[in-house]
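Residue numbering begins at 1 within each chain, and the chains themselves are lettered A, B, C and D in the order written.
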Amino acid sequence: MKDELKPRIVKGPDGIEFEVDPLRDYYCEASPSVHPPVYVKIVEDFFNWARSESLWILGFGTGCGAIEMRPLMTPRFDAYRFGVQWRPTPRQANLLMISGYLSTKTLKRAIRSYEQMQSPKYVVGLGSCTINGGMYWDSYNTIKKLDEYLPVDLYIVGCMPRPEALLQGFEDLKQIIRAGKAEGANQYAEKFEWYKANQKKVIHDWDMPDYNW
Amino acid sequence: MVQDLSDRSQYPARNRDGTLDVDLTSGKYLKLWQGPNHPGITGNMSVELTVCGDEVVEGKTHVGYLHRGFEKLMERRTFIQCFPIVCRICVPEPDFNEYCYAAAVEELAGVEIPEQAKWIRTLILEMGRFNSLMMYLGGQSGSLGLGVIGQWTTYVRDLMLDRFEELTGARIYHMFILPGGVRDTLPEGFDARMEETLREAERTMKDVWNVMFQNAVFRKRTIGVGYINPALFDDYGVTGPTARGGGVAKDVRRDQPYLAYPDLEFEVNVARDSDIYSRADVRRRDALQSIDLIRQILAKMPRTGPVMAKMPNMLHWKIPRGETYIRGECSRGEYGFYVVTDGSGYPRRVNVRGPSYTHAMALLERLIVNCNIADVAALLVSLHTYPPEIER
Amino acid sequence: MDFEWIRIPHALLTLLIVFLYGLLLGAVIQKIGARAGRRHGIPFYQNYIDLIKNYALRTTITHGFMFYLGPVFRLTGGVGLLLFVPTIYGVAMHENFSFAGDLILALYFVFFGSLGMALGAGESGHPYAAIGVSRGLSQVTAAELPFAIAVFAVALQYQTLSVTDIVAAQQGSVFNWTVFTNPLAVTAAMMSFLGSMMRPPFDVVLAPQEIPIGPPTEYHSAYLALMQSNRAIFPIAKMVIYMNLFFGGAANWPVFFLKVFLLYLFAAFVGVVFPRFRVEQSVRWFLVWGVPVAVAGLFWV
Amino acid sequence: MQDLQTRLAQHTDLGEWTQQRADLAFVTVAREHLHGLLRHLRDHEGFTHLVLLTAVDWLEDGQFQLTYLMNNRAAARDIGVRVLIPREGADMDSIHDLWPTAATYQRELREMFGIDFPGSPRVDEEFILEGWRDMPPYRRDFDTLKYAQEEFAERPGRVSKDPETHMKQKLYPDGA
């Protein structure tokens, strides 16, 4: 654990000393709760349509798949046409693209980013390395099965998946969302203990709260 | 505008062990993370910044987010099994890994590759360099908010990827340069289509020159910013365009020519000022040079003869004990493979020397001090860092 | 002073029209920017969908009381600005709540939103938001200076502080517009216009690369939707002021749409081909180029 | 590069000299001569550019081989200096005073091979791995496949059949 995360005595600007336990004081400990669809079906369908037509991707290139993101934003493929946009902060994004293999160090950051996103949120695993490890099946530093750690809505195969495959993947994801089946955030909240246990098994120095808002 | 470099040496004070005395609870300093989840970072790495006002007082590079342990994995694979995974070491310019690995293995095994294969390899490396530089130009202007350049250059890169696809069958990971030669000859009509692509590329480069390099705001943001003292180049192992931007004509293609480079005519591009602008300008001219070199290669290359040397049975290929180092000039600087064999069917040790390894670690940590936070992204991009080659 | 209650629904109608047009215009401008990059860009209805989606998100988290108020203040700034200037000249329905001294109030409202945002973003506790706010406030202040001086010049020129009267004075011929009667003041004001539109070269506040998007870093779902609504209304409201003060106002909706579109296009064109200034560079730019021109405009009168 | 070998031999006890290519040679020296030799090469022979510093694990001999590769750009030649150190309790003198950038290489070697470089800046900080508890992964006796199987959840693969037995079973179901 890093020094700045250990409990310590801090002297405030007014001269009063007090004890700080960063993990408890700076973060909220509440675990996620399930947010089921609450509106009548037609409204929920309408909202699902809006959600599907406005996919905001978190601009977090976790692996080599990030290289095909640039062509997607540019003239040849231009994913903006389909309502896909990139947002720089996890708070405003709905779709986390796990673009390729995840080393355990990145997994930690990906989990944090995922938990900071607002539900309903979706995860797309990109490339064979998220499915079964792909090329790195015997590597000591990459995870082999993404859905053990995050609720994945869709996998796109390939090494690298071509931009056309990604566009098709977006279309498929839209179908899933419109059908109301993309409830990954709720699944994550329901099986929270299981996901956390899996995550903690591979991330050895767990120095963050269990749920990052 | 030149940054004000008046004496800041006492600020913040240093502790006895040389670390900075930064008291975060004082409210004077702020700790910021630029990355890994940050659009201003090149790939998946992060810089831990301690800032005072708008000024960075300390920066630490953190890498390892992309570590897959290639050097370990290759020890468990036979020589031919290593071939498909080496290109994955560096994503934006994968061909250099293939070439360096193949050349190292050939040298240790004593294989001589045919003439035509040499030329095709050179062609692929130049195409890869052009692509990588296009990514760079888009990134550099993007880091300063000029998104439109990125659109144009990525478009040209896509055109060049089409030529790659035609030649090798893949967009990103080509897996074309095998130990012993290359997989195939050029397809029919390749030259004409390549010429078309190159013309389009030249048109775009003209636009890039007008909109990016002649732009008053771009010049204001980059000239004099991110200066590297050329005296530091040897200390920090600076190579490639970063060194050439500071007036040192380091270019492996000229210094220790390999493949078909002795037969090609080109000048080493050099700029003087060693700031972000000169580095960008050197890379722009490198891209134009690549266009010229591709034309030269297509004009001069032999079209007949084999493209693969006679190779032993790959499944039982053993290479006698030895060690070697192969280097090449990739778009970012000196790229090299250090390969050790022990007489078995597996490499004993492979070490990849990527230029980003020295640029983004020790050099960046030094440059980033006293830099404005708004310039950090531009500075980082101007070193042309690709994190996967740092951690592999 | 008797107050006609019918003005309230009329003002709300104006607001609705401006809101819908603002969303549409934002998308169209983005499409034009995309064309410069040889793309098609987002569909023109994309902003409406984004807005619905953001309101439809299921979770929101808060960082405190001011965090709520930030977007509310910002929206108030936009709506207030729009309500107190006459949108369409000479049509009683869209005169809104303009009164004799509304020019001063408008100047205040232009600044109001940024201040509210500063409070809200400060509460979010994210360091990027704090940096963005400090950059934003210094830049907006600097950009406001030439504008304020230009407005003084115009007010002096027409000897009134009422926007309606200023528009009235510009009617008749195109050459009665302030842009021809006092070009210096208008030049200075247009410089400031660039600065307040949050487009390159003056968008370091929201820059995704330099700091991830500044003040709104922590804002999400409904908060963000509120800010998006403001982003539709506020620039239009600001352009209404510019249009009224310098470009002869608009006597009917088509003229209004056209003039607003052209003004927006001006900012977008400059934005597409320029990278960003750093904050201290942009402040210097406004002080060195904007203020002298504005002062010269003052003397022109 | 014969001239270089003769000149160096006057200063230092050189071990095995391997001429790999016309412009690349490897030479073995004892660890106590290393620092002096590198300084001499840098200051007097023009080998100013440290290309890389890495280690090779000779598990059978119980030794690590450290390779310091240097480049002389003007003369277009490279020299690799090999130093053999025992695997047990491996440590080595730091050369960050000669090339500041060597500190990065030494940090990596510390983490990936477990070779200590006392005095090198930030050498004990985590570099690539995070929360690593096993033995340093680049050592030969570290089994990455076994580690991966124990550590990470795996997706069951497709059922694959050995072609020979599969065809036999298919053609001759009774095992004839």
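Note that contacts are C-beta pairs under 8 Å (C-beta built on N, C-alpha and C of every residue); 3 or more make two chains touch, one makes a residue touch a chain.
On a predicted model such as this, the values are computed, not experimentally measured, just so you know.
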* Select, from A-D and B-C, the pair of chains that is joined by more C-beta pairs in contact. => B-C
* **Rounded Å distance between chain A and chain D, as computed from the means of their C-alpha atoms** => 36
* At what distance in angstrom does the C-alpha mean of chain C lie from that of chain B? -> 43
* Between chain C and chain D, what is the gap in Å from one C-alpha centre to the other? -> 60
* Structure fact -> Per the C-alpha centroid definition, the whole-Å distance linking chain B and chain D comes out as 22
* Asked: Touching two or more other chains, which residues of chain A qualify?
  -> 59, 74-75, 88, 105, 138-142
* Asked: So which stretches of chain D touch two or more other chains?
  -> 128-130, 137, 142, 144-145
* Structure fact -> Note: chain C residues in touch with at least two other chains are 37-39, 208, 212
* Asked: So which chains end up touching which?
  -> A-B, A-C, A-D, B-C, B-D
* Structure fact -> In the complex, the residues of chain C that touch chain B are 33, 36-39, 127-128, 131, 200-201, 203-204, 207-212, 272-281
* **Touch list for chain B against partner chain D, complex** => 18, 63-64, 67, 69, 71-73, 75-76, 107, 234-237, 239, 250, 255-256, 322-325, 327, 334, 336, 338, 340, 348-349, 351, 353, 357-358, 361-363, 366, 391
* Mind pulling up the chain D residues that touch chain A in the complex? -> 128-134, 137, 142, 144-145, 147-148, 151-155, 157
* Touch list for chain C against partner chain A, complex -> 34, 37-43, 46, 49-50, 52-53, 56-61, 208, 212-213, 216-221, 224
* Note which residues of chain B are touching chain A in the complex, please. => 24-25, 27, 36-39, 43-44, 64-69, 72-73, 76, 84-85, 88, 91-92, 135, 138, 150-151, 154-155, 157-158, 161, 171-173, 388
